[in-house]
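Both complexes below contain chain A, partnered by chain B and then by chain C.
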Partner chain A sequence: MNYKEHKSEPFWWGMFSQGGVIAALLIPIHIFLCGLAVPLGLIDPELLSYERITALLQNPLVKVYLCVLLIFPLYHAAHRIRFTLAEIGLHSLAKVLPVLCYGGALLGTAVVLYILWVLF
Partner chain B sequence: MSDLRTIKITVLRYRPEEEDEPTEQTYEVEFRDDWVVLDALNHIKDHIDGTLSFRWSCRMGVCGSCGMMVNGEPKLTCAAMLRDYYPNEVRVEPLVNFPIVRDLVTDMTDFMDKLKAVKPWIIREEEKPVSEGEYLQTPDQLKDYKQFSQCINCMLCYAACPVYGLEHDFVGPAAIALGHRYNLDSRDEGNQQRQHIIASKEGIWECTYVGECSVVCPKHVDPAEAIQQTKVATTTNRLKSLVMPWGNKK
Partner chain C sequence: MMLDSETTKTYTRPISKAWWLRDRGYFNRRYFMFLLRELTSVFVALYVVLFIYELFLLTKGQEAHAAFQESLRSGPFIVFFLIALLFALYHSWTWLGLTTKMQAAGRGLVKIGTKTLPPIFVALGSYGAWLVATCVIAYLFLTL
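Right after this comes the complex of A and B.
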């Protein structure tokens, strides 16, 4: 067996692991705020109104925060989906799966950047 | 003796010169309270059926040669008490994920090759002459790798690992943990020589952190943790070498 150090994998794994931390720490807060607190009447829906949020988006720090929140977990998902699909039997696609999964995450990254910096 | 009980032991049999497919055979064994599964196998071999083949040596959880599937779980048979299974039957099979040579004996060539490939010995760029004395190590430096040095090469972790089951090229838990053990040793300078195998696609990156290896390990080596630590270290080093390409690689 000829082994070769895999040079790109640390990058994908690093994004996967950071994405996992962010998904576990930050996303529940947003699910709580938007998905539970507002419908349950715990916070005033006005606080999350379209006007207020779009105004907030003018602040570059908010954009950076949203980038981190939205982009890293995409790579977490991509990595998980890649390995899950390979392990449930799509082993023959082992070469294509990274392209599809990380490609999807890269596309998602572009969409997030486009929405945050071009549309707003 | 009054404390004798009888337990049914079903053993996977495979005699390649007689049969194409493995079969099974059930024995009834009278056992004492302090008997382990290996005692039952030895009893069968000595008194009931001398043709049964299996590996064992130390009978005390040190040699790592008696690993088998006991009721579907990878176990050291010298540490699996019969009384814990009684009154149910016990099913003994060779470790899964390895080819069967005969009965309960598996072919460990693949594991041996991988073990050798991680260079599990202390590598020095230059050996110092004997006259300069030993390589000293503090208790703290010993603590860094001690846990990972407890491996007895029993291969239970390979039988437990679903990734190895699917992907036989995977270097696997024990071999990576052992490479990690030497990488963590203050006397060792072989990190770079192990990197191409440990950080290969077939190495740490194949692992999806299922963690079953660490669950079944009889020596609490925690190979899953070794792999995780190596992933973090490799990723940080890679990042460092990208940000500071002039930096010392080590």
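Right after this comes the complex of A and C.
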């Protein structure tokens, strides 16, 4: 790898690490409940009804929780994808990949904040 | 890393782009599992993006939300969530398992007095935290 470490590098590593922990602890149960249990009819579909979710979203704690759940793992994924793409042969893009990956995570952050605090 | 092969003339062995499938003619399980581990992040990202899209649909009103919930019942989505769940579980398993290695390395993470706690207890602690977090979310989701 022929790139110099940017001074923001520790920040991205930190976010990678935080996101890794949050994804490890929280993502599997969310996938199971919302992606499998409700669609397969294992639990009451009303749990994901419009009325219930919009009511839950009135609670600021729920919004903060969703921010943590959605934002940190984006940085985790961005970091891993950045290095993995370089490792499977895109060395030539080593300078562009961080911009694309972390840029995507930053964009995702803005979208989450906008949806939760402006649209709701 | 600041390896400058131009000035130091270090020999770098040419590596095939499919090194994780075949390295010098052999399948290397460690390389393959490493790539699978990294690949978990793609599924985490896909799930998060889908989640954000669902939140966005909620702002579009009840019908948009209901229509998407209905499409989540289709085969392709179920298969996707099943695969995503397996990758997410593999991420949790490997990530939380890292605490064992951190505990075993150097002076360790968790000490009691001057004694370093055996790594297995640190692993049990982090897997325990995962179990607790899972139960709490499931409980809140079902009862709030």
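Simple rule for what comes next: the second predicted complex is superposed on the first by the 112 of 120 C-alpha atoms of A that agree within 3 Å, B and C clash if a C-alpha of one lies under 4 Å from a C-alpha of the other, contacts with A are read in each partner's own complex, and residues count from 1 in each chain.
Quick note on the criterion: a residue touches a chain if its C-beta (ideal position, glycine included) is under 8 Å from a C-beta of that chain, and two chains touch if they have at least 3 such contacts.
Only a predicted model underlies this, so the values are computations on that prediction, with no experimental measurement involved.
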So in the superposed three-chain picture, is A:Phe11 touching just chain B, just chain C, both, or none of them (first/second/both/neither)? first
With both complexes overlaid on chain A, does A:Ile43 touch chain B (first), chain C (second), both or neither? second
Have a look at where A:Val112 lands relative to chain B and chain C in the superposition and call it first, second, both or neither. second
On the A-aligned overlay, A:Ala24 touches which partner chain: chain B = first, chain C = second, or both, or neither? second
Touched partner set for A:Leu57, first chain B, second chain C, both or neither: second
For A:Gly35, select first, second, both or neither according to whether it touches chain B, chain C, the two together, or no partner. second
What is the contact status of A:Leu74 with respect to chain B (first) and chain C (second): first, second, both, or neither? second
Between chain B and chain C, which one contacts more residues of chain A in the superposed model? C
By the touch definition above, which chain A residues appear in both interfaces, chain B in one complex and chain C in the other? 1, 4-5, 83, 87
For chain B, which residues are in contact with chain A within the complex? 113, 117, 162-163, 166-167, 169, 171, 195-197, 199-203, 205, 208, 231-232, 234-235, 238-239
Would you pull the chain A residues touching chain C in the complex into a rising list? 1-2, 4-5, 20-21, 23-36, 38-40, 43, 45, 47-48, 50, 53-54, 56-57, 66, 69-70, 73-74, 76-81, 83-84, 87-89, 108, 111-112, 115-116, 119-120
Within the complex, chain B is touched by chain A residues 1, 3-7, 9-11, 13-14, 17, 83, 87, 91
Once bound in the complex, which stretches of chain C touch chain A? 1-5, 17, 19-20, 35, 38-39, 41-42, 44-45, 47-49, 51-52, 55-56, 58-59, 61-62, 65-66, 69, 72-73, 77-78, 80-82, 84-85, 88-89, 91-92, 95-96, 129-130, 133-134, 137-138, 141-142, 144
